[in-house]
Amino acid sequence: MRRVLAFIDSVSEWSGKLVSWLIMFIMGFLLIEVALRFLFNAPTIWIHELCMHLFGFFSVLAGAYVLLHKQHVKIDIIYLQFSPRVRAAIDTVTYMIFFMYIGTMFYYGTVLAIRAVELNQTVSPSPWGSPIWPLKIALPVAALLLLLQGLADFIRTVNFAVTGKEMS
Amino acid sequence: MTFEWLPIIVLVAGLMFGLISGFPMAFTLGGSSIVASWIFIGFDSLPYVATNTFGMMTNVILIAMPLFIFMACVLEKSGVTHDLYNFMHQLLGSLNGGLAMGTIAICAIIAAMSGVSTTGVVTMGIIALPIMLKMKYDKSIAIGPILAGGALGLLIPPSVSLVIYGMIARVSIGRLFAGAIIPGLILVFLYMAYVGIRCYLNPSLGPALPKEDRVPFIEKLKLAKSLVLPVLIIVSVLGSIFAGLASPTEAAAVGAGGAVLSAAINRRLSWDVLKDACFRTMSINGMIMWILFGAACFTSIFFRTGGQGLIGDMMLGLENKWLIFGIIIATLIVLGCFLDEITQIMITVPVFLPIIVHLGYDPVWFGVLFMTQVQMDYLTPPFGFTLFYLKGVAPPEVSMADIYKSILPFLCIQLFVLLLILFFPQIVLWLPEEVFALR
Amino acid sequence: APIQAKAEKTFKWQPSSWLSSGISWDTINDISKKVTEKTNGRLTMTPSSPGAIVPVPEQLEAVSMGIMQATFIWPGYFPGQLPVAFMHGDCFAAPHSIAELRYLYEEYEDGKIMKILRDAYAEHGVYLVGNLYWTLDNLMISKVPINGVDDIKGKKFRSSELIALQLAELGAGTIWVPGDEIYTMLSTGAVDAITFSHAADMVAMGFHEVTKYWIKYPTAVGPAADALIVNMKEWEAMPQDLKTILASAVANGSYRNETEADKEIGKAWEFVEKQGIEIIEWSEEDAVKLAGTARKVVPEKYLKDESFNEIFKIVEKWAMEMGYWAK
């Protein structure tokens, strides 16, 4: 079990770290656009649209990493008053809502992604008209990664609530 | 209570549940919206969870945000901002609270560099907060100015929110920009004055540099070279916007590029610095975006279940202008708990504006009043997106309670300026009249 | 008594639009009010702000999937999902007036274009109730004089859709930035010129304060069509009388658009003239050159779509008959 949990953790870790490099590409491409426009008077029709794609991946695929590192902000004023075990018990309940929300996102995200592939959808309105399926697939993929990480955290939480001991 | 209110009550109950249970805000917003749609609409409506999240993922106006975060991370990791604050501390020498006042000034400059309000708070939360805490500033004097100053991005042009208001209200965007400048500067001045007076009365809140650490004048001059890089970045970002080289989004990339270059000039650009900056930017941006994904779902269901109609109904048939302004302000405070700023403008302006125009008020004036109010909404506890974002970037010793406490005096200042604008419309209208009378 | 049950069913829609103010938005409010009244509340339409329920670029999907029952669209937002939408909104900028656009869509060759459009939307799970014609008059306004096709070369334009491709064909550098950044870019000179909307919209947002030259003829796009679309299942569940009321409300709304636009846009031109804006009209020869590029730049990928291609050929035939496109 521990090895499975550790594997899930590392998937979240690496998916986040992998997309994190996209910010350098977003920066680089936008700088190229500015340079092309002003040095060569040759703006592109594709850079801004490409950056939209990159920003989408960058944002949505970070979800699991943020969950792994417990960076999703919570209002903890009341929560922190409880003992760690009571907190774990509360988390067990709230994780149900998490699974419901992200599960819904995964299911309908998949429906949208299949439509995008089947209909060969492209970005619109846009002069470039790049395919939109990569972005549409990113949403259910991100939701799936979050579900996995959520499951790993959930198992740890339940274990702690029941036994009072941390799983490593 | 009629049936019409039930969906709203369920949604608010969902938020309250999040408040008590410590469930992350992102999932509280999303989860509440799904429960509400099950109860009031049924399963058919649920695909909106995917379409609306997708809409937020592809919202290009937000691209500037991670670029500014990246800029801040690189500047922080490469020591550029540390040097800057060191210099500020030496320069201001005996002035208590000087760093917090300097922070407010930098916030105002960032507000002029960016069109989205989030950037200021997050950027300064990364750069200034750890340094001020290290320099023994009290949490409340360190956090408050970042929150209040950061939110100025909404008011100080260029402001995406004002542009959207202009498009919906059909008023000159140039006049709105001009109208927002003086209220923005008044706020900056009052924030600084407040910090100055508090720290003058109680130096332990924002201690000046101890006498033994102060360096002679010549040494200060040497330290002044730490100004060069930050000033260069500011000039290149503002310059690229105002010289017409770049759009505000592209200017954010210029800022990020400038930060990388500065780190290189400082000889502190390493693979590790870049790597850490990328990771941290991804993490902070992801935290913010997932809150916005939740908000996108929440908004949808709020309007599906008749939220907009309720706001309109409340205003119906009212003639007393103070009652009307009271309801407008109260409505905005409530909506500010769970709508992102752009949606809030899109939704409420079409409802409020006809009433305002009917009463004979200037829509430019109302736009600036509106933005002053909206920047407050994201800072009012318990639900304020800006408060959450700062929590997300702040060092772990900063609790949500610290953040709530620190913002209260600044909210009072904002309320005061709001009333000032309400009673003296010329504060807003004077500058646009001067600028555009020339044509 | 299933028939009785069907007659008593009520429909509650919250249609949205892509604009939240101005002439077309007022028309949507007007249509919604009249439909609600005329059907005695059996069909209640409460307009919702753009993006309040579903973001504008996702609204075709939303109606198709039943998240929204109905909405008003500008088809130009959806060519990526439905290729015919690329022409549906402005018909390759070929017609010169609303009357021509309406005739071409609904009467030319027995209204074949409208039939093809309806079939294409139906395949997407959406019923196309009807078009709302209006004056888009997507003007070119600029900081530097543009007196003809030759002046376009080398200028930086913020523009979108078909006209962006046309301008690029004529040698302009076209930049796509979000609408929210146009004013800032124009005021700082980051772009020389834009195409955005009609004169009344441009004046309302204060674009006359940051430009000097407005081209009155030719308009970059001219007349355009919005449309009311309804989820197919919802449409099929509706009794005939509601369908009829809805279709006639859309037709009436279309006329309202036209008269209001004439009034507002006329006032706007008078206003900018007083403001010292230089109003430019091109020669007929240059106008034809600009229009001619539209047909050349239609992306290949849309022409591969059968329905799109069929419509393109009909429009081509009509435009050549009219002398708007060269043979």
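We call the chains A, B and C, going by the order they appear; numbering starts again at 1 in every chain.
Operating definition for what follows: contacts are C-beta pairs under 8 Å (C-beta built on N, C-alpha and C of every residue); 3 or more make two chains touch, one makes a residue touch a chain.
By chain, with names taken from UniProt: A = TRAP-type C4-dicarboxylate transporter permease, small subunit DctQ; B = TRAP-type C4-dicarboxylate permease, large subunit DctM.
Note that this is a predicted model, so its numbers are computed, not measured.
K.L.:
By the touch rule set out at the top, what is the minimum number of steps from chain A to chain B?
P.N.:
Contact-graph shortest path, chain A to chain B, evaluates to 1.
K.L.:
More contacting C-beta pairs: A-C or B-C?
P.N.:
B-C
K.L.:
With centres defined from CA atoms, tell me which chain sits nearest the overall protein centre.
P.N.:
Answer by centroid distance: B.
K.L.:
In whole angstrom, what separates the CA-based centres of chain A and chain B?
P.N.:
Computed from C-alpha means, the inter-chain centre distance equals 24 Å.
K.L.:
If you average the CA atoms of chain A and of chain C, how many Å lie between those two points?
P.N.:
36
K.L.:
Multi-chain contacts in chain C: which residues touch at least two other chains?
P.N.:
Residues 57, 61, 65, 177.
K.L.:
Which chain A residues reach two or more other chains?
P.N.:
In chain A, 48, 111-112 touch at least two other chains.
K.L.:
Residues of chain B touching 2+ other chains?
P.N.:
Where chain B meets two or more other chains at a single residue, that happens at 47, 51, 54, 58, 60, 245-246, 249.
K.L.:
Please output the residues of chain A touching chain C within their complex, sorted ascending.
P.N.:
37, 41-43, 45, 48-49, 111-112, 115, 119, 121-127, 129, 132
K.L.:
Mind pulling up the chain C residues that touch chain B in the complex?
P.N.:
Going by the criterion above, the answer is residues 14, 20-22, 46, 48-55, 57-58, 61-62, 65-67, 177-181, 183-185, 187-191, 201, 204-206, 209-210, 275-276.
K.L.:
Over in the complex, which chain C residues touch chain A? Could you list them?
P.N.:
The touching residues are 57, 61, 65, 76-81, 85-86, 154, 156, 160-161, 164-165, 168, 173-177, 299, 301.
K.L.:
Going by the contact rule at the top, pick out the chain B residues touching chain A in the complex.
P.N.:
18-28, 30-31, 34-35, 46-47, 49-51, 53-54, 57-58, 60, 62-63, 66-67, 70, 240, 245-246, 249-250, 252-254, 256-257, 260, 274, 278-279, 281-287, 289-291, 293-294, 382, 388-389, 391-392, 399-401, 404
K.L.:
Once bound in the complex, which stretches of chain B touch chain C?
P.N.:
44-45, 47-48, 51-52, 54-56, 58-61, 115, 158, 160, 163-164, 166-175, 241-249, 296, 299-300, 303-304, 306, 308-309, 343, 346-347, 349-350, 436, 439
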